[in-house]
Amino acid sequence: MRNPKEKYLKAADYLIAARRNPTAFGGKRNFMIRGLFLGKFQPFHIGHLEVAKVILGEVDEIVLAIGSAQFSYTPENPFTAGERIEIARRSLLDGGVDLRHCLIVPVPDVGTHSIWVSYVKTFCPKFDVVYSNNNLVRTLFIEAGYQVKPSPLFNREKYSSAEIRRRMREKKDWRSLVSQSAAAYLEEIDSESRLSEIGAPTQEEHTP
Amino acid sequence: MRNPKEKYLKAADYLIAARRNPTAFGGKRNFMIRGLFLGKFQPFHIGHLEVAKVILGEVDEIVLAIGSAQFSYTPENPFTAGERIEIARRSLLDGGVDLRHCLIVPVPDVGTHSIWVSYVKTFCPKFDVVYSNNNLVRTLFIEAGYQVKPSPLFNREKYSSAEIRRRMREKKDWRSLVSQSAAAYLEEIDSESRLSEIGAPTQEEHTP
Amino acid sequence: MRNPKEKYLKAADYLIAARRNPTAFGGKRNFMIRGLFLGKFQPFHIGHLEVAKVILGEVDEIVLAIGSAQFSYTPENPFTAGERIEIARRSLLDGGVDLRHCLIVPVPDVGTHSIWVSYVKTFCPKFDVVYSNNNLVRTLFIEAGYQVKPSPLFNREKYSSAEIRRRMREKKDWRSLVSQSAAAYLEEIDSESRLSEIGAPTQEEHTP
Amino acid sequence: MRNPKEKYLKAADYLIAARRNPTAFGGKRNFMIRGLFLGKFQPFHIGHLEVAKVILGEVDEIVLAIGSAQFSYTPENPFTAGERIEIARRSLLDGGVDLRHCLIVPVPDVGTHSIWVSYVKTFCPKFDVVYSNNNLVRTLFIEAGYQVKPSPLFNREKYSSAEIRRRMREKKDWRSLVSQSAAAYLEEIDSESRLSEIGAPTQEEHTP
Amino acid sequence: MRNPKEKYLKAADYLIAARRNPTAFGGKRNFMIRGLFLGKFQPFHIGHLEVAKVILGEVDEIVLAIGSAQFSYTPENPFTAGERIEIARRSLLDGGVDLRHCLIVPVPDVGTHSIWVSYVKTFCPKFDVVYSNNNLVRTLFIEAGYQVKPSPLFNREKYSSAEIRRRMREKKDWRSLVSQSAAAYLEEIDSESRLSEIGAPTQEEHTP
Amino acid sequence: MRNPKEKYLKAADYLIAARRNPTAFGGKRNFMIRGLFLGKFQPFHIGHLEVAKVILGEVDEIVLAIGSAQFSYTPENPFTAGERIEIARRSLLDGGVDLRHCLIVPVPDVGTHSIWVSYVKTFCPKFDVVYSNNNLVRTLFIEAGYQVKPSPLFNREKYSSAEIRRRMREKKDWRSLVSQSAAAYLEEIDSESRLSEIGAPTQEEHTP
């Protein structure tokens, strides 16, 4: 095993296998495991939903940590943490996910990367496996002693929050990329207007 | 009506009545209402649980906002936001509450009271009625245009987070004041040791 | 009325009309209205001055809110809040404006857009109408219940703070774009040197 | 001169004398001096007004710096910066002071004393003399190279913001301690209710 | 072993023993160990010096972390981080300690206890053993996976920073509690005046 | 002398000359001077080492202030303050510098330039001369009353932290640009992996 990080993947797989088939691993089932799914979810889309479903097939409960929680009304972070919770909840319900197994937690950004992991730990209930394809996130959590698994991929070319924001700004079709109730809510809060307003601020005045 | 704040109470009652019996109020049911229950929940106890149940008898969903979310390991704020979420969830389950109707959201303190309401609004999904007996909280939310109701009382002399913390620190009986699973979890994280350690720091060294 | 935001404009116009001609609106004059003029004012120029004059033709007092107050000595924000107050005061005096009707208030940036409006409200005395052409600013204040009017335009191609900063950096003529006393003050603090120094920091050393 | 701080007092007196009688000091009048008057002004009262008048008898313009600007709705800091500006302006008008010579500037607290002076310098236009009876404030400004004068005293036993807040909380007579228009404004915003609400928060709920 | 924390003590002792006598522990010496000594050092006194010497008898290098680094000019934190570095260096030199084995590092407070350990880790070079008698500090570092040893005691009744500050404030003898060069420096910056000024601020004015 | 800043250079040179040859300047040697060397040191390289040596030829002690101390794990700021201290210490030892004359102090960024100088003063022990080629840094320190000298140059085309970071990211040769022990340490913490991970984060997931 040339890459020392591989051991964390193996450990995560072992944990998940032991959880699923306790007898084969010589213990009785007396534990529950949680997976951490990190994102900014600006907004939560069908790709996120499918990833959440795959994770919930491996662990008992999912902690959906909504990063950069304090930001909103910017081109990259148009929605508030509260709105992002609403969209994620509606999407998960649309997808038939039982909300009792989902813990949706906003986590503010702290501006200092080496400290960020302890912020996530402080705001979220205990979790066992971190799902991420981001190399830096992986490194930071592995250095903090966590087991990290690659996030399952689901058609990333098609489902992308950046693409959804771009289409909202240009009032093109974005509804097919989010779940039905999420689309209804995003219309209710007039996301197209918000995105196009944020996208072209006049220069000289104060843009907060 | 001598106190102008009474109108907000009446409005909240009207909203709740309309929601329960739409026909009598001349409309069909096409809306859902949410109640905001604010607290530090250090820790969530049986009194909080009973309040949550009463609120859930009036509204469709409860937003449990965990204030001062970034603090922990202090005499007043011993538990992290993540631990407080864990305790609240277990207590609500013990109390037979359906977690699908509960949105548990940590909200960091912002240090500036007049700004705090907009922080709560940013972190939490939309809510309709605020339950509170705290006069300042009531004032701040009424000034922000919210409907505010008095929080139902449930044996406040007996069930008190401050009392639970005191008993933990002194290793006296506190288990009867929290739900069964909450007690088990609080033992698991060895809350008695933590509280007694926090309670008596040596002076000259750095207490973070 | 297809755009719901139009009602806020109408309301602002109505308020201004009622203020000017109380009898026609069936009331006696017993109120004073204030207009909020937001900007970074890096620096305040003749265009700003003309806008302030137009606003003061409509309202009794103007609140000049100096945004991003904590920043200075950067290419985009070269002047401190204190210097910006000085420049605005001198410009208004040059323009024959009575300073007794001007409230100049520095407002720090808060980094979180949805919270920014409540910061402006906290730092500034009560105001009634917000003047802005920035769509996001308009949206945020309308959502907060304010009446918003388009900011009067005054030769925006010619008078631009960004252009003034560019010319200062290149030591070209910028004096014609600010009032006479403002120009004298900007020379006194040697703005050309500051701008050119800020504009070309060496890379490897610490630029604060 | 045994106390090295005395030289700063002398320098301030010299500056004020030179400003008043330029010929006697061998120069022609070509400068204006400003005095800094620091306070939290919670609220601005008749004592503050009399101090401001004395200072304006010595200098050309007064910079009234409103400290702890970001705080409000606490027992010690009940009023927002904006409200404190309003109260100070009305009091100064009641006292016959020309507002054109008053610069009222909110300054946020920075939490770090050695840095605070540079914060005051950043937010306020240039000032020449600091008026203060607070030893720490004096030390900090003298170390920063400022001339510091003792603040003129005006019946401090009678006029005290802490006493006014106490009386508001207890709904006793506080009106005689503030100017007439200030009293009217403080009634308008229902300061008695606010103070009594802040004064007795219930414990278990979240007090922001 | 009834207390699970004992294992961390044993591990620390083992590490120190292995470092001192590598052969007996079956390895050759190829490592260096560092001890972390945490404090606010307001100011560093003879007790601290003796503790540092004992620690340097056990480890190769000492990391002296100066906590609450951003605070100064308060009754509890009168000296800046820079002044505290100066005092510690002079004391260590007086005590015959080789400064080449001392890393003095200011660490700002972060306001959030569960995050504080990661702040210490970010600001300080790698360390192996934490010396502390503070229960909370011990808990936090043990939870973060560190080996923790009790801090050696040295006449704590006599040598106390709080006592030194009290004596400075009252201009009583404090010189015997600090090293000779530290005393000279503390006189140079006129610590008695600073402490007595900080200790009795007038109430109504702004104390930063 | 047409540029008023020249006087600060002269003053610095005078101070250094007086320090070296006290008799010629009519005083006996009774003082020590310190030079401030500011940088982010991401990482400290051979060019920095040579600059430090030249400075130590002019002053008694060097204060190496590590700016942006709270940042790490970003493309521009990959290393923590603690790691940067470690690298600088090892490099100085490699270069034969006596660590007893080096004070290495991390200084957090404060986000507000006009305040930054007072932050540096708060965190660092007293220094007499500032070495910098950055115009803004020079301006800010001169305005604060410091003597500023140009930083000695040492082959800046070759030795550059940005270039080192680029080569690490691309796993090309960077070892020749840092000292031998620094290179060993940078391998120990696997800087190449860290830099390449930070350099290419996936977009949709949360990059802390």
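Of note:
Letters A, B, C, D, E and F name the chains as they come in the text, with residue numbers starting at 1 for each one.
We adopt the following convention: contacts are C-beta pairs under 8 Å (C-beta built on N, C-alpha and C of every residue); 3 or more make two chains touch, one makes a residue touch a chain.
Being a predicted model, the structure only gives us computed values, none of them experimental.
Two chain pairs are in question, C-F and A-E; the one with more C-beta pairs in contact is C-F. Ranked by separation of Cα centres from chain A, the top chain is D. Rounded to whole angstrom, the centroid-to-centroid distance between chain B and chain D, based on C-alpha atoms, equals 39 Å. Between chain C and chain E, the centres computed from C-alpha atoms are 49 Å apart.
Listed for chain B are residues 70, 72, 80, 110, 112, 114-115, 117, 121-122, each touching two or more other chains. An unclassified topology is adopted by the chain contact network, corresponding to no line, ring, star or complete arrangement.
Every pair of chains meeting the touch criterion is listed here: A-B, A-C, A-E, A-F, B-C, B-D, B-E, C-D, C-F, D-E, D-F, E-F.
Per the touch definition, chain B reaches chain A in the complex via residues 69-70, 72, 80-83, 85-86, 89, 98-100, 103-106, 108, 121-126. Chain contact summary for the complex, chain D toward chain E: residues 38-40, 47, 65, 67-68, 109-117, 132-140, 151, 156, 160-162.
Remark: chain F residues 110, 112, 114-115, 117-119, 121-122, 145 touch chain D in the complex. Residues 70-74, 80, 193-194, 196-198, 200-208 of chain F are the ones that touch chain A when the two sit in their complex.
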